[in-house]
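Each chain gets a letter, A, B, C and D, in the order it is written, and its residues are counted from 1.
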């Protein structure tokens, strides 16, 4: 058994939130990444966008302050911060597609070393998938960070040379946060910039299907180690 | 000398205004047709649109009520009526191009019996013309009425089989108001539905270069008279 | 006098024909014209093409319309969502056609329909399954997909306040698809929570000018359901 | 703390490079960012492509920028308008390139630039001189023209009120091109008549969300000129 302890969902959310600089406009996608909004450090102004036309989302409301007319794209009830505004759906996605968001954090099924992302469908034969706004966000935001478990529960690899699931968008991912490591996607492939205590670069690489380099050295199957 | 008296600009404006039914949304273009707004019969609700993002324009203001921030597309100071609203320029032309205006009244240089309109340039060699919003209005409104003098001051004909000036849009004109007649543009060509006292259909036809029929009979060079 | 108010949902839905394309606004049950969808079920038109963000949830609204076999084709971004039971059944039987569209492309196609833009290129979906069978073109180094405008024979909208010209404002996240859908219907029908006198909605705050609206019916249905997950 | 206010026009215009594409909002002198255009003249960038509804009027603003030989190309809907003296002279000498665009197409191209739509088909201009040399296609029986998005390296905007996030509202017909231009600049610079505290501009009334805005400078220049013709 491995002698390391993966980051929890909450630890991961805290870490991602910590890495978002003040002033960025950010969409948190749907699913796990919405948790991140609750961990933005107090006093740091980060402007949260939601596909359904909200700029300036705040955290979940207390029950007595809940506004039934105010939900995010995951249909969670949210609040507004001072300075917030509403847009219609076309303008909201115009903001996304037009490259006006500094960051979008998405969940993922697979990420490839060329930045390809698969996060909407596990098979070409899924004839009725849910695509939602993932493709628009993936092509539109200035940078895409993906938050996902390093492998599936069944042990399938997700950090790959090439995605095998249908793509959400090509060459869009800039960084991956897994329960084991933080990995930048660069022109030269995956670069590990942080990892949990106790795991080696080799062990991490074995859990994926693509070469990894570390921030300071060079490692991986590309023969450059 | 002809024994008829052409309609004045004001008479023409009154006539056009009278023909606009209650409830229509109307753009009055720029130039002579803006005059029409002053003659909408009192109590008749017609919603006037201006390209620069106004829905619900009213007449010119009295000097003491002039708002320097409120002009129409001809840069004339205007007022708002109760129920008015503002839009941005893209939304305003989206309203135009999307077919949401019942009517646009434009000036014209030439109108052809197939509905072609020329109203922006007198020569292909005019290398710096002013097109403004005429092409958008001509393709967008549900119907185009053209207000113009029947011939130029120099006697050149303007009611034609085919336009000789560069087109504003093809097959868009539904009706022409001249200082001599009101002429519908139909699948079967020009149909005179009104004319000034004292002028015959033949005389009117001589002042143009296309066959005319009258509303009740059939007349013109098409040999059907 | 212009007065777009009608007295009942039945009157609002009168005349909708079989085979119509019907745009239904709303996102996550907020700003969703539920009374009008129920009115459409009642009214009886069939063989419809429905454009909505989802294929419906639970057994109500768009889901019920589909469940009653009245929808020939659904155009949406989420086909399979929590509780899309009725759609799943009918889709498995092959009794409904499905067109999956990325949500931003869906909004933009409806916006294009309202704004008289027949087609546009977008980078969304470039290089993916959803580009298959579509015209694509590399623009500025990115693979873009040609997408067609969507226009509705009928557009169903929920507003927060409306006046007799059909000027509309929306509440909070209830805005979503509503202004876009309102502009893209040949027959735009609005249910409004509140009625305003003409002039109460001021020029700077009106979101949808009444020019886009054909009929308005007052349906004070109250707050959308609160769902805590 | 996000604070997009800068202290002077000079600071607002800092860093604009030669050969930039500059979008200038305003219609008929209303909502026109005149102080910023003057600041651009002062700042010195040249070989510019300017996108504005007209080629300028009189000898001020965009006309002066052109008159000083700083504009390589103008993209506009009205080249020749009352008093476009400076443009006429320079154009006659062949010292400026002109692209005439129908006004609605101009607005839509800028809107497309801001909204990430690289190109679109429009019926405007179909079958006319302005379609020459452009890709055309018959869609639903109408000849349509393929038009390209316009995006600015710089966008110049005038607002009525602005807060420190760059949230904007406009006054009356001063809205015009402003929200469209604001969304289409890589560097969007705003002059505002009034300053608002964050929160004074409420969520329902904000027209331009601050996400689109980079710099704001307070220029209480007062009402536009009244011209009685």
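Everything that follows uses one rule, which is that a residue touches a chain if its C-beta (ideal position, glycine included) is under 8 Å from a C-beta of that chain, and two chains touch if they have at least 3 such contacts.
What you are looking at is a predicted structure, and each value in this text was computed from that prediction instead of being measured.
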Intersection of contact partners for chain B and chain C: D
Between A-D and B-D, the pair joined by more C-beta contacts: B-D
Label of the chain whose CA centroid is most distant from the centroid of chain B: A
Whole-Å separation of chain centres (CA-atom averages), chain C against chain D: 33
Averaged-CA centre spacing for the pair chain B and chain A, given as whole angstrom: 56
Distance between chain centroids, defined by C-alpha means - chain B, chain D (Å): 30
Chain A-chain D separation of Cα centroids, rounded to whole Å: 35
Where chain A touches two or more other chains, by residue: 86-87, 90, 93-94, 96-97, 139-140
Where chain C touches two or more other chains at once, by residue number: 108, 111, 115-117, 122-123, 142, 172, 203-204
In contact (per the touch rule at the top): chain pairs: A-C, A-D, B-C, B-D, C-D
Of chain C, residues touching chain B in the complex: 1-2, 111, 113-117, 163, 165, 167, 183-184, 198-199, 201, 203-204, 206, 209-212
Residues of chain C that touch chain A when the two form their complex: 27-30, 55, 77-81, 87-88, 91, 98, 100-105, 107-108, 110-111, 122-130, 142-143, 170-180, 207, 223-229
In the complex, chain B residues that touch chain C: 22-23, 25, 45, 47, 49, 55-56, 80, 82-87, 90-91, 93-101, 139-140
Residue numbers on chain A that touch chain C, as the complex places them: 50-54, 66-71, 73, 75-77, 86-90, 92-94, 96-97, 121, 124, 127-137, 139-140, 166-170
Contact footprint of chain D on chain C as seen in their complex: 108, 112, 115-123, 139-140, 142, 144, 169, 172, 203-205
